[in-house]
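Across the two complexes that follow, chain A remains constant while its partner is chain B and subsequently chain C.
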Partner chain A sequence: MFPRPIEQASPAAQLAYKIALPAALILWLLPLLGVAMTSVRPASDLAQGNYFGWPSALAFDNYISVFRDSNIAQYMLNSFKVTIPTVIGCLILSTMTGFALAIYKFRSNLLIFFLFVAGNFVPFQILMVPVRDLTLNLGLYNTSAGLALFHIAFQTGFCTLFMRNFIKALPFELIEAARVEGVTEVRIFWYIVLPLMRPAIAALSVLVFTFIWNDFFWATVLTTSAETQPVTAGLSSLNGQWIAAWHLVSAGSIIAAMPPVLMFFAMQKHFIAGLTLGAVK
Partner chain B sequence: MAEVKIRALQKAYGAVKVVHEVDVDIPDGEFVVLVGPSGCGKSTLLRMIAGLEAITSGTISIGNRVVNNLPPAERDIAMVFQNYALYPHKTVAANMGFALKMARMDKAEIDSRVARAADILGLQPYLARYPRELSGGQRQRVAMGRAIVRNPQVFLFDEPLSNLDAKLRVQMRSEIRELHQRLATTTVYVTHDQIEAMTMADRIVVMREGRIAQQGAPLDLYDRPANTFVAGFIGSPSMNLLPGVSRGGRIEAEGLSLPAPDGAAEGRRVIWGVRPEHLELDPSGIAATVVVVEPTGSETHVVLRIGGHDAVAVFRERHAFRPGEVIHLSPRAGLVHLFDEATGDRIN
Partner chain C sequence: MTAYWKANQRRLAPWLFLAPGLIMFAVYVVIPIFQSMAISFYDWDGLGEAEWIGTANYVELFDDDAFYTSLVNNVLWLGLFLLAVPAGLMIAIFLNQTVWGMRAYKSLFFFPFVISQVVVGLMFAWFYAPNFGLLYQLIEWTTGAQVAILADERYVTYGIIVAGLWPQIAYVMILYLTGLNNVAPDQIEAARLDGAKGWRMLWYVIIPQLRPATFIAVVVTVIGALRSFDLVSIMTNGGPYGSSRVLSFYMYEQALSEYGYRMGYGAAIAVVLFAIMMVFISGFIWKMWRDETER
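Now for the complex of A and B:
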């Protein structure tokens, strides 16, 4: 079996493993732990300079204050209004583009595929000015729809790469068998390929959801008001509101970080290997 | 049900021709086996009949309808793939009924057809299972069931048994044959296994390098192979072939004088052939040195050296030959084959 179970390693290696693993974990989680601690710290602690010490009390009402005293609920809603349409739009487009590029042989197939891939290599910062102008001219500047449309366009390239390779790995005989059986191409996509893509769809939806939810750059470029700004951009504006209210910003951050985590757990049961088991041979 | 006519069919990938001018007529209800070594174009030919591969030139008609440009869906055929290609997310019943459901057939009709196919193939206990929960032989049957339910004009089989173990293969061989006797649907079956071809076919088409080497009834191919390729391919162990020269009504080869049938002109360079099972002990026959003795139980294969060539003889009797021993053999009367050395074509 590879990798070998740690129980079979030498005692020294086992000891090193047992020390290094928690150390690495703590190092990895330290910033997050810091934010979590700060989010339950009373404001007085921060005023007294107790930034990293033990909180003097647990102030869970920071979480209530942040909802009461800021627009975070609105920001969260804005984030959902951008993220959910983006995830759905990307998945719809990329399952279809992926299917076309994986299944059909046509002259410019590879060229188109490379274009999708190459799009991912464009540093998105250089798109800032043209995209801002484009959305402005389309009347979509400072709207959730404009932000979502841009994200769909930009994410579909990566999603197409992912989906195309996934479909390419499915046994092609399944498609041929269905064709011989008289099933139309659209129905092959819907009844044969789509059900087998469940793990890919689940993985991509978590990935895209997280990308878009955590996006800060385009959120600040394309939206400006509290009515449209997603939570990432909104949180940074909290900073200006309360210069030293780190406990509230932290609480807001923790809340803002929750949806991608929940999304992961919601999709987890679809991450299954061996869906095509029994199809061939 | 329908006849299949293939006329001057060619297939090329760029400059590389893989099927050359193939003509095959398959009468309604016949079981035809395409057989040949790998790369001979037999699978390509089948896939062209199925419509999964484009035709470079020539025509294929199914039941008086030229299907060259019809998509597979409109050819009214069913195909069983080498690796079964079952829909892994569907149960056995759903796998078999899927095409009918897509054709918007009545639910009750689908159920009765699936039940009938399951009945024929002994799949009733497995209808609710998924392909991953079935054994290789059961999956094979589901793939056949999927073909049967549609009641197509032609069945196409692409090496369907090559993924099964030897015992199951023999069993499925007769099951497929029995199924054909029951349904009498025109069938084209591709295999590289000559035993499968011999045992299953009404007619065998032997292919070599994209051309038909010979077609005919299995025993005709066995009795009168048209060339050295078919002679060597059909029959197991394969025919003994010795090159020689025709002189005075006999064939001189390797310092031996071999009995020969009529037909070879004096001085012609020929290949003399005899099947291992047609050699018998004869004190005045050809001298041969025993190399290896392979008992199979029902018969014994004896690997020999005749002159500088390897040969095999098969005996039903249990002779106690020892390696190194010299024995004398003669072919049975009328069972010698002669081929031209240059072209490999049959002479007698």
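Now for the complex of A and C:
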């Protein structure tokens, strides 16, 4: 193991490490802690210049007033309306594309695979004008469906990369054995490969959920009104309305960040397994 | 029909499985790239008739100061963002222990990556805020100078990059933690017996074994740097006086914001950004292609 386990170091070094650890963490999360503290600070504290001291009272009503006086509940709902269909849609598409690229040998296999991989890296701006135009022509501009359709298509690139590599690592003898038995290709996909893909599906659902929930660019390009905007775009416009009302901005930020954070802590293992795929050979 | 299917299913099946995903990807990703390239030769407001103007948009870019500002900022982003790679490695090494509660520490260090960039931008805007921001007060307390980072043309881009580095370092850290977990223990022991330790051990034994993690870390960091849009938009909206613009933001501003709907000019900016990214993407693909065909 590298570095050498701290248990083998001198007692002084061990103590130093045990002190440095929480200190580094607090320093690292300082912006977050500041915002969390501001979100429960009464507005009167800010007016009196008490920005860093202990809050004079815990004002959880900041959260209540964010919900009561702004559209944040609607924005959150809009985010779910985009995120959940996207997760389902691109899982369906990419289990199939991943299966096709991992199991079958045909001439353009690698070419198509790298098309998905490369497409996944292009700058969003090169897609912006035509995708906005396409969405307008489909009559889906400023709807959750229009936004979700684009996300499904784009995330299919990343998910295909992931699924293909995952299926490629499965024992191929399973499929060969099934073929010898005369099992059809569709049944092989459904009854043999799909059940083995559960870990990959779990990892991708949390990852895609987080990516789409946190998307800001496409939310501003494809949606415009409070009835359809996801929470990232909504928070940005609320920030414009709440000038200098930092207790509200902070509370709103924390509300908006909650779903992916909860998702991450609930499914940490899958999340990290998905993110670090390929980091080891 | 069924006889034909039975005879040829191994040949047809991959295309059936590929079709839905490939069609969606073509319609929303591949074809729009070429459409954007075409639009960049037109003068178009997005509604009326598009007028062919040849390379006029690109000629205009040559003399556009705002374009050069964005380009220089993109280079700054790229250079400084890569610091996330060594920084992430350092934190990963620091955290690669097994003391009590380590799992919780690791996930809390990773935490910033999970949060939306919009929220990260707001957090740092608050952190930098003039008069009461924590960093503002810290600078005033240590040097006596009053620096409003996001309103100062000299510092604004650096301020935003630091905000971007925060989640990026977390991402790189988790890649390296996974990598460190898989470093061959016998090689470390062998190196220890040969008297290697500290930096020499890191440089000659550990880092070579972390190559796959380093490759992915560099890929996601380069792409992340060139994609930077959210933080610029949230923290400064390109200001002050357009000094914190990057190409991705400037493109959006030209094509869709209150400054007007210049789709053709915006598309030309996007093509330039795409060309820059293509240099890196081709490099990554080339390396992945080599790995695939070697196997």
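To be clear about the criterion, the second predicted complex is superposed on the first by the 246 of 281 C-alpha atoms of A that agree within 3 Å, B and C clash if a C-alpha of one lies under 4 Å from a C-alpha of the other, contacts with A are read in each partner's own complex, and residues count from 1 in each chain.
In this text, a residue touches a chain if its C-beta (ideal position, glycine included) is under 8 Å from a C-beta of that chain, and two chains touch if they have at least 3 such contacts.
All figures in this text were calculated on a predicted structure; none of them were measured in a lab.
Asks: A:I26 contacts which: chain B (first), chain C (second), both, neither?
Replies: neither
Asks: Using the superposition on chain A described above, determine whether A:I126 touches chain B (first), chain C (second), both, or neither.
Replies: A:I126 sits against chain C, while chain B stays out of touch.
Asks: For A:L58, select first, second, both or neither according to whether it touches chain B, chain C, the two together, or no partner.
Replies: A:L58: touches no partner chain.
Asks: Quick check on the superposed pair: does A:F106 touch chain B, chain C, both, or neither? Answer first, second, both or neither.
Replies: Only chain C is touched by A:F106; chain B is not.
Asks: Pick one for A:A169: touches chain B only (first), chain C only (second), both, or neither.
Replies: neither
Asks: So in the superposed three-chain picture, is A:V221 touching just chain B, just chain C, both, or none of them (first/second/both/neither)?
Replies: second
Asks: After superposition on the shared chain, which partner residues are touched by A:L15: those of chain B (first), chain C (second), both, or neither?
Replies: Neither partner.
Asks: Using the superposition on chain A described above, determine whether A:T184 touches chain B (first), chain C (second), both, or neither.
Replies: Touch status of A:T184: both partners.
Asks: Quick one: is A:W246 in contact with chain B, with chain C, with both, or with neither? Answer first, second, both or neither.
Replies: Second partner only.
Asks: More residues of chain A are touched by which partner: chain B or chain C?
Replies: If we count touched residues of chain A for both partners, the winner is C.
Asks: On chain A, which stretch or stretches are contacted by chain B in one complex as well as by chain C in the other?
Replies: 184, 275-276, 278-281
Asks: With touch defined as at the start, can you tell me which chain A residues reach chain C in the complex?
Replies: Spelled out, the residues of chain A in touch with chain C are 1-7, 17-18, 21, 24-25, 28-32, 34-35, 38, 49, 51-52, 92-94, 96-97, 99-101, 103-104, 106, 109-110, 112, 114-119, 121-134, 149-150, 152-154, 156-157, 160, 184-186, 189, 210, 213-214, 216-217, 220-221, 232, 235-236, 239, 246, 249-250, 253-254, 256-257, 260-261, 264-265, 268, 272, 275-276, 278-281.
Asks: Provide the residue numbers of chain A that touch chain B in the complex, in ascending order.
Replies: Chain A reaches chain B through residues 171, 173-174, 176-184, 187, 191-192, 195-196, 274-281.
Asks: Quick one: which bits of chain C touch chain A in the complex? Just the residue numbers, please.
Replies: 9-11, 13-15, 17-18, 20-22, 24-25, 27-33, 35-36, 39, 46, 93-94, 96-99, 105, 107-112, 114-120, 122-124, 126-127, 129, 132, 134, 137, 166, 171, 174-176, 178-183, 185, 188, 197, 201-202, 205-206, 212-213, 216, 219, 223, 226-227, 229-230, 233-234, 247-248, 251-252, 255-256, 263, 266-267, 269-271, 273-274, 277, 280-281, 284-285, 288-289, 292-293
Asks: So in the complex, the part of chain B that touches chain A is made up of which residues?
Replies: Counting only chain B, the residues touching chain A are 50-52, 71-74, 77-79, 81, 83-89, 98-99, 102-103, 130-134, 136, 139, 146, 150, 156, 163.
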